[in-house]
């Protein structure tokens, strides 16, 4: 059975395991004060081109999102997100658990538009009773989105401009950041991204680490006593070295980008494979998550041999199937999928 | 520099790293539905003698404590703990952040007594205005305590009896459980412990794992939808395999107990060493944390060569120094300490 | 200036002030243990036909909603409401502040349909990842709605049936309950309503009281220690007599219904007046809130003499204006409005 | 039966009821935007000598305390209070419900000393692990305290100096402020108090109002969007006029102080009466709450005729009985108590 269900089916990139082994018996202080975390921070700052950035290493994605959001919002504020944003749907209400509303806006292919954002903000302050409502306090977007799509640099700039007009910090959830940055469709660099938002995360869990999300406050603008807040949220790892070693490894010699590129290469092959066999795409994703309209015949052909996730059902019975590649996906796995997949239809001559 | 500052200065027991390497490219589902977590659960159930136990693997200690406490309490309830309980002092208000008060009682050597607990509960319900107060909703104790001390079986039974009389669940924080169970002073087995409380944790972080705390509900009494609640608290690891592999390894062939015993053996050597050299103990700890009254001369002799933690200061200037051993402490480290430590005084002939 | 801006522009019905005066120096215990609260409870139970109901008197609407919702939900649950529900929009995130998500569904004229509710619930449990999402934990609807509309008995039964199928309690926010029950369009009695939901409120603030919302748990099903929870939410009035006296008065000799009927009578006159003068209704409300499409000419004619609220703007420039009547609205005020209001257009002969 | 159980057994001062009657049918906007609230604010500012103060009128004491504390603290902070502070004991965990710890310090006669406060703060920041703990974020004290005692001006200045040294706002809970200010033992004026703290409340509930607590931020230093935060806490009254009218009345022609003085005069008579009859005081309270050591014989003599509250029990069987006077207590009630109370002992000739 080959699994394309998600991008966290394997352990860690071998270089990470090697580093864990190599450093194992070295005694280090806890809570992120170890030398590996210090090194990881330095390399992340360098990669982002922000020498003054505050960098924190947390463990998981939902944890990171709710900690960042809760600590950057004031009590009277909520976080603005696309209706399909991860925090709005698939985080078990972790943001609300901290007392804040997720203010949802319409989405297109998983993306929030600057126009919709601006319209919402204008309407909010034009409403005579806005003081009885939850104030927008920050804007959240994911890069890539939950549908694998990407914001262009122009789109990010437009969103950022609206945020600035309303003094709202912009938070970019980069749980799959590497897969976004290495997409051929991406016109933003990591260093540019760092100038276009107020806080962003660099996902490790889905890009080669056992766990770990780096939170970057590019302008050194972490909330006061963020260390204590992280602990209060249950997000402070005693053996911070586990995160430090992993991120130090990922950000040495460009490993993070290199292994992310593997996922993209495999994803493009996978997409071409489906298209060549006549399958329709649910949407044209430029990253490691591919959404295919899968026929019943294909489902049967793959049954028990290839795993993927069914996102939803089309009225015509086809499944919207998500196939995710990752740093660990091999050309052999793509070839095996190819061998199993029937033609969707016989193209007209 | 040799560090006795805490029991999480190294990485993981080599057997754990070996298992991570061995299983690394095996594709597994996320969120604790992998085969390793299943195996870990089975072995923990067996070790605890509770075939019907609910077992969950979380990441860190503060996270685990606040998740367990918040999900077992009703809104009108708080958790009763010794004044020195970890949740009352060193968790950055994580319990209060979930909306619950920590109701503190006096402690002796870090322990809560059944008598004090009973007196408090009697007084609470005798107070005519108790409906204006926070109700006691569960009892928390740590085993070993923050001072390395242990409850005897009789003491645990007495606390449990009071809890039962007032229908309060008893939660045993076992962040250092292995070090408690392997102490020569311990008269409770893991299986007995499981019958004496309603929920307990088996600490991995401090006993050989990179991270991880197992939460055991011996009677299969996990709060409804605990999985979702764990996610809401940011405590659900995407790559649950990281926790599963570690706990499966620790609970195979008694590794957890065997490596915990090493810490105890080293701790007893360390204690004897200090006593033999004429140092006074702050208290007589039977586990891996030793509290020594350290003279200024000793502090100078160790300076830059041996690290430990200063807990507090005596009026006479001596430091209450905590020396912690762990699964990783070697006889060589104890010998090196011995070589450096001066006599506290010249004993009378 | 005559104000139709809302239904809480005056103080209290004179009978309430009379009762406050009459009882003023009578010494009573606090916190709802006074004889007036006991009498109010008895009368409310009687009016609702539920001799076993739990009845609590709280102070304000947002307070009552968030207290009821937070204490009836489990942590992993949210409350389902129409997108226009008061709790979803105009309560400053009070529900989220207690840690719970408001799960919004589409609305028609302010109402939630049983079909939409059922479709949402079916889809929720059909989604393979529902354990990562906020569970629906109760259903909230307002009667009348924020648009003055009413659920028919059949609609309420249909919603209730879906709730029962999914074991969800149904909460009816009756901030304007009297104005709903006294509408000629209403086919539900108070006693029937009590059998169709699990908890509901009887609004005093908008129906003749200075303040006060009665919470009724018809089946005696108040959350355990609701008294303490009310206090924890800051909703327990020390001089509970203030609420007791008011509700006792309102539920003596049908005063609540009688004064609510005044608001309805005036509202119907007001609606007829606008219709007769050629104004279009935004929607046809059967209760005390009337939504009129107001021309610029009318706005100018009323300016400085009649106050109302502008809800939103039509693309053609007309205002959606809300005119609210209340227990205190007089025929003279309607007549004055009539005298000032110009014809909207000259009807064709 | 005459009740001295508390200071909120009657309704409101007749002048307040008169004002409610007089203004009843005047149409006013809601939510504190009425002309009475504006007038009340102006008069409170004038009485406090702070023309730039922010003044908000909330409904109840626990509500006010938790709203003020939650909105002035950052997430990583708790509020420092005496162990007997109302927020620490008798508010059902309302502060913790908002996510904040109450950090308790020892008390003497209900008071927190500047020395104890300073010692705690010094020790906190001297502790190497303070970043793992809840930071002190504000200081709470009650004036008078829960034991009826008062801080002298020197004591307040000393506490304030410590607060300033650590940049902690000082919050004075004045639920019974009038009874403190009118005590012959009080050496602080309202205007001085306003310069000695960062926020304080002026209790209406216990000093002649039906309900209502005025929150004063003397330096115009209310938390941003306090209006919205008040609403989020369920503390915003729709008919704000109810609070405005009451506080306008209380602060017209010194009524608040005049009726508070009645309580003090009666309390002094009551104390003298007990002392003259040979009863021991539990402590010598200078305000309207008197704590008497009541013999069993006295309890029997008063049984069914005079009500009071038993605070606790002495080992010798005597009750610590609290007798509270109020704005409404009459000389006749004191005389009636005197007639019923037996001599505690026959004094030696």
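In order of appearance the chains are A, B, C and D, and numbering begins at 1 in each one.
In the analysis below, a residue touches a chain if its C-beta (ideal position, glycine included) is under 8 Å from a C-beta of that chain, and two chains touch if they have at least 3 such contacts.
Because the structure is predicted, anything quoted here is derived from the model rather than measured.
Chain pairs B-C and C-D differ in how many C-beta pairs are in contact, and the one with more is C-D. Seen from the Cα centre of subunit C, the chain whose own Cα centre is farthest off is B. One inter-chain figure worth recording: subunit B and subunit D are separated by 42 Å, centre to centre, where each centre is the mean of the chain's CA atoms. Annotation: 34 Å between the Cα-based centres of subunit C and subunit D. Subunit C has its Cα centroid 51 Å from the Cα centroid of subunit B.
Each of residues 75-76, 91-93, 97, 99, 131-133, 228-229, 231-232 in subunit B touches at least two other chains. Subunit B contributes residues 1-3, 5-6, 8-12, 14, 17, 20-21, 23-30, 59-64, 66-67, 91-94, 97, 205-206, 210-211, 228-229, 231-239, 241-242, 328 to its touches with subunit A in the complex. Across the interface of their complex, subunit D is touched by residues 70-71, 74-76, 99, 131-133, 135, 224-225, 227-229, 231-232 of subunit A.
Taken in their complex, subunit A has these residues touching subunit C: 75-76, 78, 89-93, 96-102, 128-129, 131-134, 309-310.
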